[in-house]
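Chains here go by letter, A, B, C and D, matching the order in which they are written, and residues are numbered from 1 within each.
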Amino acid sequence: MDFSSDTSAPAHPRVMEALARVNAGHQSSYGNDAVTAELRGLLARTLEIEDFDFWLCASGTASNALALSCFCPPTGAILCHAEAHIARDERGAPEFFSGGGKLQLLGGDGAQIEETELRDALARIDHGFVHETPAHVLSLTNLTESGTAYPAARIAHYAALAKEAGLTVHLDGARIANALVSMGASLADMSWRAGTDVLCLGLTKTGAMGCEIIVLFGEARTKFNELKARAKRSGHMPPKMRYLAAQAIALLTDGLWLDLARNANQRAQEVANLLCRRPGTELVHPVHGNEVFVRLDDETAGRLRDAGAVFYTWLDGSSRLVTSWQTGADTIDQLASVLD
Amino acid sequence: MDFSSDTSAPAHPRVMEALARVNAGHQSSYGNDAVTAELRGLLARTLEIEDFDFWLCASGTASNALALSCFCPPTGAILCHAEAHIARDERGAPEFFSGGGKLQLLGGDGAQIEETELRDALARIDHGFVHETPAHVLSLTNLTESGTAYPAARIAHYAALAKEAGLTVHLDGARIANALVSMGASLADMSWRAGTDVLCLGLTKTGAMGCEIIVLFGEARTKFNELKARAKRSGHMPPKMRYLAAQAIALLTDGLWLDLARNANQRAQEVANLLCRRPGTELVHPVHGNEVFVRLDDETAGRLRDAGAVFYTWLDGSSRLVTSWQTGADTIDQLASVLD
Amino acid sequence: MDFSSDTSAPAHPRVMEALARVNAGHQSSYGNDAVTAELRGLLARTLEIEDFDFWLCASGTASNALALSCFCPPTGAILCHAEAHIARDERGAPEFFSGGGKLQLLGGDGAQIEETELRDALARIDHGFVHETPAHVLSLTNLTESGTAYPAARIAHYAALAKEAGLTVHLDGARIANALVSMGASLADMSWRAGTDVLCLGLTKTGAMGCEIIVLFGEARTKFNELKARAKRSGHMPPKMRYLAAQAIALLTDGLWLDLARNANQRAQEVANLLCRRPGTELVHPVHGNEVFVRLDDETAGRLRDAGAVFYTWLDGSSRLVTSWQTGADTIDQLASVLD
Amino acid sequence: MDFSSDTSAPAHPRVMEALARVNAGHQSSYGNDAVTAELRGLLARTLEIEDFDFWLCASGTASNALALSCFCPPTGAILCHAEAHIARDERGAPEFFSGGGKLQLLGGDGAQIEETELRDALARIDHGFVHETPAHVLSLTNLTESGTAYPAARIAHYAALAKEAGLTVHLDGARIANALVSMGASLADMSWRAGTDVLCLGLTKTGAMGCEIIVLFGEARTKFNELKARAKRSGHMPPKMRYLAAQAIALLTDGLWLDLARNANQRAQEVANLLCRRPGTELVHPVHGNEVFVRLDDETAGRLRDAGAVFYTWLDGSSRLVTSWQTGADTIDQLASVLD
């Protein structure tokens, strides 16, 4: 019973098949190959739009930091939640890639930004006041770090506020599939139709070996050349790009990525339900995706550990249990038997 | 007849098998997995030493830049050849990772640093003179960018000079296998026994999907934690590290990597021999590895292009033909028939 | 009645005399001059210690950022108050100079860090957990941005906590003279005896044209060469250093700097007293130095504006009135007559 | 007989008078003062243009690096001479301020860029080739580091070539007054009329305490806000800006700066004439400004040292003697008597 992280799961078999399929013959390097070209069409259908640019990246940290660095100058700031992955878990990647830009941290429950905090931060921006660092980007995360999902309408609302203030809107979608399934939204509704300018579409946690897609929409496309130059100099322009593209093709084809997320989400609900039946146990955040944050009583925690269940203790003392595409009914049954 | 680059070749089948082998069950993320642990032993045997630390990276650019940034402070410089990959083809990666350090460019034939230039540069270092940027690192490349190989003894000689001046020695080994085979040297002889402090052991061009190993020896190991922190913030700490480790295991096992390099080198010799039989054609550099730099007469060039041969024109007007693990006797036969 | 800032006051006449005095003959450049050498002795007496290194800087922002960048690596963080000048008013200078380090913001009244917040932050440091950014420096400001003063004992207490956790202690003393006078402490007591490793001793706001002194104590002195290299490359190694040294000599001689701060502090008290006599007016923070933060009723604010008084409205809606070495009894009389 | 540098000379008395003149009353901080406003008009007349923006800086290194960082992105390069001050004597300042941009070094006699080298470098720029770093800025220095002067027409010619290739043209004018006097050109002819986009107008070496003016012309003015933000975060926005403006006013008024440069240049000619009368002595570069580079025979060198003359030995073994506004006929007489 490994609930440590969706990143400790293996890649989905269809990903491996896709890698094998493209592993023949010469292909141009650095993204000029036929596999990456094939991905473009599939991505257009997935996004329901033709007007976009994209770049492939093996790392979610790099994907976010590269995207942000194209829109936040060294003299600017990025608005994000105080619990955001970019703020807490990337060892200063946005600061590094942006050349010393700042993160301006906002609060709100469930790692979702509170509207009043966002409005206050936007109102404070004064490009004419040279001493303070003005925000240039709003970064939202869906699923959030607390496993909750923003509905597409809230993304759209926040994006509209941000754009009115001249900001670019970035969506960290390391677990976007889980959010889409949970909210019943399409990727288009959650991204460009909601005003997202740059999307980091994560597939690693969903079932890839390591594959993230940075997508630029509309005006943001003017930064595509800069994005590639920054990718190059940060070591995120792998010569054999076909192997990244193949992973994305495998997952986006026939909606496999959403099916995998659907399984993970359902298993998380089952985990939550089993745990919440225990009297001393309560959820810390609503379970919208594949992460369960729960305050466990000592006996429950003890039983789990004794049974070899693996999960992390969070900063606030709660426990985080993560499911993945691979979490099966057998794992849930095992959990049930431990808790009964 | 694709001679464009060894990076346009696919991965070796045993690499794909290794990926499939490790694609099961949960593994701890970020390098704490059993596959990476397994690699350690194999690497120790390959290096003939136990006293080292290593980090896996999908990108050669990142591998070099990360390594260099641990040893060259923002206020320092890196000595390298004017034609070095880190100077010419990485879009300022060393400058970016080091926080604005400098490359100090040295000359020499065949992209090998001339000893007098090295000695002059070392003699000029004056840490007490705050206005000039003192060199902290000597970076050597083997194979060089011109396809020639430094013998291990020359590496050792330069490393000794550099260390006497207080520098750290970095070896960019993106095509180190080709150099080892060509020079008949062991990896140990070419790296730590020759005074290399930090080795970037490239496997991507040899036959991996994307896999480079940064190896720290001796004193340099004190920088291992810094290396990891820098890897993290630059997006080079992939969660599913097992897939990098598996590639390395496949290639290092039973010396496969050297066998593949041996084939590439031999094919390059055959290509060179065929081309040099043409009256107007001459080599620009000796062919020590898998790269042939040749000045082609118009007729030869025309025949090659007409036959669909793919290769690059270099800055000096010469042509570069690169072979790989996959270049077979059939390709050489085809080339022969075109040139006859 | 200009209460806008102590930086809008001119330099003290003795500063101008000192500049004139040193304006003759040749002097070595870049700090190797006789005037800077003379300052060293005076500074030793002022600090009551011989074991220190120092560097002169015309800018407080640069003084802080240079100091911090020697102790906080790009992969590290600086603990400071959320209202600190380095966090709010320096446009990302610490992030720029450190190469993308982070500020970790702590709360507390009067812009003084709350002890529990400090303890929590220190307890969370985990150098072995590569994903989060560990704090390397504690930065305290005295006077704080709210015009309150830390007593020397509190600095010492916080410094002890920080050092136990392996941090370096930085003191932003842009208005240190005001804090010393207010707390009745010596500079030694407030700096090295209290565990400060690196002091930014500000004289600009006290009465210089532009002069700040970065002082390194004890172990921190090992960073002196790095400090100079960083000063050089950031344009803070002026060739004609004698003119910075002369300003410092003028102000430190016979305790002039403390006398000037004493006047400013006393005038601030008088301003506060006059304002607080008004029924609707109340102090937002205690007045420990030369800054009065006050919530003005509309009538009082109106009278002041009508009489041409200059002062800033702060982010929280309060008014900030700052006095300086030049604020005289006449200004206080004028204020009294406006308010009567 | 101090010929070490023009930066070891004191400030001109009129500079000191100007400082005293502005040292009264309150002035707005950070460049919003009446003195800086006054300077604007004087600068317009000096430049013979109204359409410009400017920023004051106490440091030449900062002035160059700030200017360059507004026009060279982190992913770009700056073309300059291999001997340029920005390349050799600023400890990586351009790399630091630009966030890791590159200097691309060109050759040519007398530290003047050779036209063919410039043309080759411009021809190689390929923004579509992501691996190499494209040049964005051409940086010229006048006087050069070898004491020679570009005529205005050559600046204009090079600027035209650079602009055709899409580059911005930067002029490092740390000793621009010496070049103007030497070439008989106006500042307008040497700067904006010659196609310079951003001029670093140095006054420190001419006779200020420390004062450089960054001037943006035409299109380059769109970067003025960025320039200010970068100045702020690098500590080059001194609160009491009036004291920088006053220095500039003193020197630009009635062409004092040119008079001072004229004296320095004349004295340099006299020094050169005296030295060249010695049989074994020859100039290394023509003397266009206030710097004499000369190869001294041992006897001459010995006599000079014995007489207490101060001057530097250059990297190529030659001797550099620098004159300043303060070098008088008495110094020349003294030199003559030593050499006779």
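Methods note: a contact is a pair of C-beta atoms (placed from the backbone, for glycine too) under 8 Å apart; a residue touches a chain by one contact, two chains touch by 3 or more.
A quick note: this is a predicted structure, and the numbers were derived from the prediction, not measured.
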- Which one of the chains is farthest from chain D, going by Cα centres? A
- Query: Hey, which pair has more contacts between C-betas, A-D or A-C?
  - Reply: A-C
- Item | Centroid spacing, where centroids are CA-atom means, of chain A and chain C in whole angstrom | 42
- Centre to centre, by mean C-alpha position, how many angstrom separate chain A and chain D? 50
- Message: Please output the residue numbers of chain C that touch at least 2 other chains, ranges allowed.
- Response: 74-75, 90-92, 96, 99-100, 130-131, 229, 232-233, 237
- Message: Taking the touch rule as given, give the residues of chain D at its contact with chain B in the complex, in rising order.
- Response: 74-75, 77, 88-92, 95-96, 98-103, 105, 124, 130-133, 315
- Message: Could you list, by residue number, the parts of chain B that touch chain A in their complex?
- Response: 2, 4-5, 7-11, 13, 16, 19-20, 22-29, 57-63, 65-66, 90-93, 96, 204, 209-210, 229, 232-240, 243, 310
- Complex contact set, residues of chain C against chain B: 30, 73-75, 99-100, 127, 130-131, 225-226, 228-230, 232-233, 237
